[in-house]
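Have a look at the structure below before the remarks.
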Amino acid sequence: MVSKADKAKMHELYIELVKLQREIIASGLKLLILLEGRDAAGKDGTVKRLIKHLSPRETRVVALNKPDSRETTEWYFQRYTEHLPAAGEFVIFNRSWYNRAGVEKVMGFCSDEQYHDFMQDVALFEEMLCNSDIMLIKYYLDISKKEQKKRLDDRRKDPLKQWKISPIDKKAQKHWDDYSEARDMMLDRTDFNFAPWYVVDSENKDAMHLELIQHLLSLLEYKDKNEVLLSGDLNLINPVRILDLKKDLYQ
Amino acid sequence: MVSKADKAKMHELYIELVKLQREIIASGLKLLILLEGRDAAGKDGTVKRLIKHLSPRETRVVALNKPDSRETTEWYFQRYTEHLPAAGEFVIFNRSWYNRAGVEKVMGFCSDEQYHDFMQDVALFEEMLCNSDIMLIKYYLDISKKEQKKRLDDRRKDPLKQWKISPIDKKAQKHWDDYSEARDMMLDRTDFNFAPWYVVDSENKDAMHLELIQHLLSLLEYKDKNEVLLSGDLNLINPVRILDLKKDLYQ
Amino acid sequence: MVSKADKAKMHELYIELVKLQREIIASGLKLLILLEGRDAAGKDGTVKRLIKHLSPRETRVVALNKPDSRETTEWYFQRYTEHLPAAGEFVIFNRSWYNRAGVEKVMGFCSDEQYHDFMQDVALFEEMLCNSDIMLIKYYLDISKKEQKKRLDDRRKDPLKQWKISPIDKKAQKHWDDYSEARDMMLDRTDFNFAPWYVVDSENKDAMHLELIQHLLSLLEYKDKNEVLLSGDLNLINPVRILDLKKDLYQ
Amino acid sequence: MVSKADKAKMHELYIELVKLQREIIASGLKLLILLEGRDAAGKDGTVKRLIKHLSPRETRVVALNKPDSRETTEWYFQRYTEHLPAAGEFVIFNRSWYNRAGVEKVMGFCSDEQYHDFMQDVALFEEMLCNSDIMLIKYYLDISKKEQKKRLDDRRKDPLKQWKISPIDKKAQKHWDDYSEARDMMLDRTDFNFAPWYVVDSENKDAMHLELIQHLLSLLEYKDKNEVLLSGDLNLINPVRILDLKKDLYQ
């Protein structure tokens, strides 16, 4: 159960998100948020909260299907580029081009060469986006193996979540260590100065939603910002650079 | 406040919607729901409930912006056609081509000739869609003048609903009677055997949501249908043909 | 070989086409030309001449591939509608929705029901387009069985026309009579007052190109029209209604 | 007038282009040709010859209009990316992203900052495309000031070329030196090892078409290549790196 205090805080954060969007529209800013994380890490729920009170016209959530046969032969980033934000747009990618560094690598959906090309090209690609004044913010939602198991089990039993079940998430537990390794490699090699990764401890969904939104707001400038609200400590979110990846902090 | 019984019923209805979607996907059906109604009649909230537990991949909500300069010269239905459902898709139009019979007519955004052409062509157009096995279901959400005023006033005060305010809804109350007349004309002339209108008394949002979803489910066939749940009386929804439009039942 | 006189006439006709396009752009007209006909009837060459001196920006040639798996489940006309002309546009469909009444019927690519639905819906669809001020002009290029054989044979030997060879045109001769029957049915049943068919005797390509362009220009109004040029007799083009389809005039 | 020998040679080259396309389709290659050059340098005519006998289905000519208001705020390369070749495609850009280094810079359609960002980003962008196995070939068609004047004058008098006249080409002669400077800067700074520039002396159109096609074919591998035909000297085409840009060889 969400506490009254948390509900009140979320309400205040929603108001800040609305102010942020007003600023984005008024100043012609371009915001692009990438959400990555294992199956059941909480991406869908986070999207839901981020957009709950935003104007649908200037907000876009992009969750691409797997590429069709033509797309698999295109320049890898091509199918993503058409969804990039133009002026005034607030865009969230629920999974992104980092698929190649995660599920595609682990499940063998791309070749080693494609993986290595990606790890090289993604730096060039994101640098260009940032040069073009896109504010790119990357979150990795992290959960423990035990928590993932619990959520996937719950999902299977819940008649309202049947559509979420895919053949791939059946393998999430089995390939846990491979996913960990792929994640560490990704966070280590694609944490750019111009586009850093933030790792979000997502064991507790409600707490995580509050912190992620607070963190996002604190990164950006907008009119009438409620600095007091955003000044609270953040315990669940860390730039990847201060984490010791070697020690596999997030299991 | 929503009662516990209503919450429980909504939960049951959500499960039925999931079953319906499973049937749509499995049988390659094509479902198209049009939601019309005045500003603040409750369209957004209805959409939210309809899709809350559906698979995003096979569900689409279409809320088109006003046409751009090229689109205004196209065949009127052209910009809508690309969003029609293919096999397995559950599509909701939040406002639709009926804009021309409502806001465009009342606000003078189309010529008389365009209006008359539309009233003629819409029959041909919808007949073709139905011939092509699209299940087309049209709901008109109806509210009283007083309730609309209350909702628009609330909206203006709510910091989370600022984006909903448009110059047009400021005129909703002023042009109340014109909108009533346009609605009556529309319901009278576009209530086709192959695509009838259902008028939904929307004064009470929560009650309306329950009934609309129950009504929708009762119209369609799908596996493991919970007939008992759907057998309850519907008091808020009526086919337009049994209403006496002359008497302006819905103010 | 093309005679000097014919070359000179074609040059004059090109100038008229440019004037026509200028009128279309200036007056915001919408022109849609459908070219139908058997394999090797001369559609590609006709398109080439029509557009040779037109502004590419306001001219569009649409030659759709066969529908992909999603498209086959859509409303039949859907994939065509996005290519309809907006104001100022000169659009040519090289084959069109009439595929269903021709190759699809003959080769069994659609069901009988789909064929019958099409024959019914096409009247509604074209009526709507015409209501929406699209000038719709339909040409059927007709050739004899012998001439088709000659052209297909030439094509097979020409190293520059290899790409034109398809498995379907190998069956063009074999199914000659079926195509004749399908054509007669189509011309008979889809020759609408608002969108008549013109049958073009295409045995002689060069003569046909001259007449088709002259005929097209004579149908339309535009500034500085060269009436003298367009007043010559047309011997190769006839409205379908004056032909006696029963007698199978075009073999 | 084109000599008989040149006509015969062009015919042979067309056959080679058809073989090349067959190889592209069979091997799933991706070919992207950029054509740049001043107004009236001969880009349209070159495109025409390149595609004359190719299969339209696997060939694409991309000539983008100026960006609309949304596009001007996007990532600069975004509107180009959707037209990049997938496997089996032969794509020609008639003008390209290099607009920013040419007409946009000279006519002041972009800011200095946008220009400098472009000059930096284009290296990253093209490197990525090449990493993704797109064969990128860049031609700059060069003409003298006198020849351009002659062609623009002819164009103005030719009733069939009216649509080619734009307010911008009226300034082509006036800004000749600015365009020269912009061209030199572009050729100097964007001649990458992975995507070099070839400068084509285009004073004589017919001669240039023959050489450009021969050059293109000689760069690529394909089955049944006619090495003898392609072994002739090329006098009009040079890699930019062997030209002494300082001396302004191409006026």
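Residue numbering begins at 1 within each chain, and the chains themselves are lettered A, B, C and D in the order written.
Operating definition for what follows: a contact is a pair of C-beta atoms (placed from the backbone, for glycine too) under 8 Å apart; a residue touches a chain by one contact, two chains touch by 3 or more.
It should be emphasised that the depicted structure is a prediction, and the values quoted were computed from it without experimental measurement.
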Problem - Length of the shortest touching-chain route, chain A through to chain C - result: 2
Problem - Chain whose Cα centroid lies at the greatest distance from that of chain B - result: D
Exercise for the section: Report, in whole Å, the distance between the mean C-alpha point of chain A and the mean C-alpha point of chain D. Expected result: 40
Handout entry: Interchain centroid distance [CA atoms averaged], chain B/chain D, Å
Key = 51
Practice task
Determine the centre-to-centre distance between chain A and chain B, using the mean Cα coordinates as centres, and give it in whole Å.
Solution key: 33
Exercise for the section: Hunt down the residues of chain B that sit against at least two other chains at once, touch-wise. Expected result: none
Completion exercise
Interface with chain A, chain B side, in the complex: residues 14-15, 18, 21-22, 53-58, 63, 65, 159-164
Completion exercise
Residue set of chain D touching chain A in the complex reads 28, 30, 70-71, 73-78, 81-82, 84, 86-88, 117, 120-121, 124-125, 127-129, 131-132, 134
